[in-house]
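Below: one structure in structure tokens.
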Amino acid sequence: MTDAAPATAAEDVHDLRPPRNQWWDVWDQFKTHKGAMGGMFVFISILLFVFAGPWIWQVDPGLIDIRSRNQGSSWAHPMGTDQLGRDLLARMMYGGRISVAVGLAAMLLGLVLGTLIGVLAGYFKLMDGPLMRVTDLFLALPLLPLLLILVTLFRDPLEGAFGQAAGVFTLIVVAIAITSWMQTARIVRGDVLALKEREFVLAARSIGTPARRINTRHILPNVMSPIMVSATLGIASAIITESALSFLGLGFPPDFPTWGRILYDGRDWIEQYPARVVWPGVLISLTVLSVNFIGDGLRDALDPRIRGR
Amino acid sequence: MKRRTALMGAVAAAALVPGMVMADERERGSSGHLNVIYWQAVSTMNPFLSGGTKEMNASSIVLEPLARFDNMGELTPWLVDEIPTLDNGGVAEDLMSITWTLTEGLLWSDGTDVTSADVVFTYEYCTHPEGGCAYRDRFAGIESVEAVDDLTIRITFEDATPNPYLPFVGAGSPIIQQAQFAECLGARAPECTDENFYPVGTGPYTVADFRPNDVIQFEANPNYRVPTQPYFQTITWAGGGDATGAARAVFQTGEMDYAWNLQLAPEVIEQMESGGMGTLLVDFGPLMERIELNFTDPSPDLPADERATMQHPHPILSDIRVREALSRAIDRELLTEIGYGPTGRPACNFIVAPPAMVSPNNDDCLVQDMDRANALLDEAGWERGSDGIRVKDGERLELLFQTSTNAVRQDFQSLIQQWWREIGVEARLRNIDAGVFFGSDPGSPDTYIKFWADVQMYASLFEGTDPTPHLEQRRCGREPRPETQWQGQNINRYCNPEYDALWAELNREPDPERRQELVIALNDMFIQDFAHIPLVARGRVSAAANTLGGLSLNVWDSEHWNQAEWYRIED
Amino acid sequence: MFTYTLRRLAFAVPTVLVISLIVFLMLDMAPGDPTGSLPLTIPLEVREQIRAALGLGDPVLIRYFKWLHMMVIIEPSHMLANATGWNIAVDGPRILSWQTRSPVGDIIVQRIPQTLWVVGLGYVFGILIAVPIGVISAYKQYSWFDQAGTFVSMVGFSVPTFFTGVVFILIFSVWLGWFPSMYDTTHRVRDWDSFLFQVRQIAMPVAVLALFNASQISRFMRASMLDNLNQDYVRTARAKGMMEKTVLLVHVLRNSMIPVVTVIAIGIPTVFTGAIITEQIFRVNGLGDALIRAIYVSDWPMVQTITFIFAILIVLFNLIADVLYGILDPRIRYD
């Protein structure tokens, strides 16, 4: 604690206040982690760039202006233009929106799936065996090849059902989610196994609380910390996976400029216009880096052994 | 063309410099080693089992046909002494048969004699019902192939055939050795891995080491019929990487001597060429990028077996004025400049090669004419709506525009979408994975053959120099439909009895000049009906190191048709 | 311990089988078509015959069992026969790639050396760099070395290899021209010069992979060292007056290596799967390259086989990691 006030005084103040939410302690601890704060700042800036940026930089990312193609940085086009004269800054914002949205959506879906399976396996003895076998099975699947196969398999049917944009988006999100929930499930299961023997759960059960309520009211809030940590790691790996897929030419089609796709398309031009590779690469790296730093800080902050030191 | 001429000039000039190794001083193996790069690697040395251009090119320096097309598109005797014609009696008066006579004394690379039995065997190999031979259509309409004597082969056709030069002609129809492949007929063909990877041939090279999809080592054939050739003793035929890497290896680092199929953005090519170590070779064949306009209604509201069939004409595109407007609104010069640069030419015709068969009558399409396009749509009764898109009888002028997933095609889609929007046509873009789009699975809704869209863009071509089969594809009744398991190549479902009659005339006509006129007439009929929109004629693009001599790019046959004559320019 | 290993092994076999069935069934539904990459000049009737010749007509389960038989019995026997020169190859049809019409096993055998050279070396170097960095970082916790090391490893682990790879190519191959831009599979190391060439052609991919792997492993190493440095036995050893060097390198390092060794073992299969992207960037004709090109042209037998091999590797190395853990750490016994 940075608070230099005498210990007794501080405790008195504490006693007078209503009990403090534990998340405030986490936040206090989190604030002391320089890397995490830096990561937070960068990540929020990137979110602002991709989601609020287009309000300020009102250029259509699809607008073709043949006369000003292949330009370098200028006031009209701060990041230059591509081979059809489309503004790269606008494309970077638009592409980032998709990349970040894929990261967030895939993380959420993977988290829900992982938590659900983890809680079910940990709480209900009957389901533990089969669910954990399934988890082991998924862990043994070669993920990247599987993802590639999933994408080639389902791209067209989904496009037909939802339209090109929504179809590919759904596919990539779902594919990433179902190949990344296993770690969360394992961690959650372990915590639930331990929690379910604790007195407060026994107490709740003894007064006849139904299983669903025990889980939502007592167990879930207590497994939030590992879930939060895997959430941040999930965003990072989802963004990398999406870019890798696009980079292999199997993710979003060329008319959906995600960062990975812009990087892939820019590879041919790397000698003349290195910026076309560097910008998306830097943005992907910064996003992942900042998210990883946040995850690090969060892990420290949520670890009661470290907290308060 | 210009670049190629420049290179030929350089070769000619080099030959005049005193102290040079003159052509007649060169001998087998004197040029040493050659490095070739195919960024799409070769997967087999048996062209019959692959059908791909890269496999055809690689195998063409080992396996040879009876005759092939030279770089001018002229038929040239290869394993025979002369081309059979009506005049020399090689082709029967009734056009029902053709008789080839092998050159005497030809040897396979293992030292055995080449006989007519090998030719007959090749026919049997490729037409075996279980073989899945990729060039089987070369042997369509043949009643029999028989060995008259050891050197003479007679091919008898089922019908009168004015162009009998399909079987055993060109890189797609080479001769394989009976002794080697005798056990590999039919279903056993793919199991003969050694035979398929190390075929015995008559060509200038033999395969020393073959690694599928990776690299091939060739050595000079000791039994090659020209004792002084081939000039290169060995060839490494590398594969893998991408077009940019291959171009860089020839132009900038000099690691490679020859690179194939460099479909790169014009600026990239220009930059590479400034490396100064190589020359770009471009020549134009029949390959043409086009937009097909659907004459039938692909609406998803129709039952699946009536969708995009002749029962339902297209509600918008059946009007020739709309079709013409769509074509007029396109700036082909700009498309070419952006997508292909020196490796493309704006196209206004259905048949864009060979030069003698290209119609001069449609060049007005080169100029983008928005006013004319707008006028045509006004005339057709399409009024501008509030958002700028035209409406008629409550229906918006909206088209589904599909193509395969490919960076250049998506650029073209965006550009064309913008131009069409200017004339009040909304294009909804869609791209489909190439493996699906060009696939032949009749169950897939997304193939270019099914054409469940209003317009679609792709490139197509024909083999050899005779466009007759290509023109035949657009006859009535050749359209893909459920009854034929969606087979057929009349992609846009064009049907015009006059066209059919004119084609029938072409198919009977033996006189070359009259044939040219008929081809042009058919082309004009098709184009002036605005039945499809030609965009860009795409060249074959390869790159050669400046130290490489003797080569001439050939769009009618394998690029390596004269591999034996390639040599190293010494300095 | 032995029964535990057996039990794990017994579970591994059905896992692998289920995975193979999943992959097979999924590919069976795939929309891509092996004739899709053929030139348009080949008419549809001929394409239909090509599809029939590829054996696409049989029901899916029959094809699965045929494939499994070939995969489990025939292909390994051929590989073994080729490797040893014994005449033990089992007769029978082999798994044929649709694209090359040749046995998939032969292609895989040709591709493995490149993958092992490039990606394997990247892994080995990664470990060699990571261990000392992790040890020093933990020992001098919060020093500038630790701060810098943690930051660099964080960066190395966050920046995707496809970006570092492209940047490396731009700098070292295009601008500086130090390294060749493509991998030459036919190159044989015969003398000093050819050895140097081999070093140059694998330098960039190995560096990129080593950086990435080192970042990951050094984080583990550091955490594991920190856990052990706070243990009582360390205090005891120091109290006995042991040299600091002995305490650190003998006692702490040895104990800290236990979890790290298992992490390394579990990571080995990713050497192969991770190769997909690296090989793509540096144009190395390895296993990952074979897989991705097979996916592009819908060569399903090839895709199935390589994916299956990856699955076997993952299951196998997980097993090895578990067993290794039990052997290295006597406190943990599974029975």
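Each chain gets a letter, A, B and C, in the order it is written, and its residues are counted from 1.
Here is the rule we go by: a residue touches a chain if its C-beta (ideal position, glycine included) is under 8 Å from a C-beta of that chain, and two chains touch if they have at least 3 such contacts.
If you're wondering where the values come from, they're calculated on a predicted model, not measured in any experiment.
Steps from chain B to chain C, taking the shortest chain of touch contacts, total 1.
More C-beta pairs in contact connect the chains of A-C than those of the other pair, out of A-B and A-C. Averaged Cα coordinates give chain B a centre that lies 40 Å from the centre of chain C. With each centre defined as the average position of its C-alpha atoms, the distance from chain A to chain B rounds to 47 Å. Per-chain Cα centroids separate chain A from chain C by 25 Å.
In chain C, 31-32, 174, 296, 298 are the positions where the chain touches two or more neighbouring chains simultaneously. Residue positions of chain B touching 2 or more other chains, listed in rising order: 433, 435-436, 444, 446.
Counting partner chains per residue, chain A has residues 152, 156, 267, 271 touching two or more of them. Those residues of chain C whose C-beta lies close enough to touch chain B in the complex are 31-33, 35-54, 93-94, 96-97, 99-103, 106-107, 110-111, 174, 177, 180-186, 283, 285, 289-290, 293, 296-298. Here chain A touches chain C in the complex through residues 35, 136-137, 139-146, 148-150, 152-153, 156-157, 236, 240, 243-244, 247-250, 263, 267, 270-271, 274, 277-278, 281, 284-285, 288-289, 292-293, 296, going by the rule given at the top. Those residues of chain B whose C-beta lies close enough to touch chain A in the complex are 243-244, 264-265, 267-268, 271, 334, 338, 405-407, 410-411, 413-415, 418, 429-433, 435-436, 444-446. On the side of chain B, the complex with chain C involves touching residues 41, 43-44, 46, 49-53, 129-137, 187, 189-191, 193, 196-197, 209, 211-215, 217, 236, 238-242, 245, 248-249, 253, 255, 433-441, 444, 446, 449, 458-463, 480, 485-489.
Against chain A, in their complex, chain C makes its touches with residues 15-16, 18-19, 22-23, 26-27, 29-32, 151, 154-155, 157-160, 162-163, 166-167, 169-170, 174, 269, 273-274, 276-277, 280, 291-292, 295-296, 298, 303, 306-307, 310-311, 314-315, 318.
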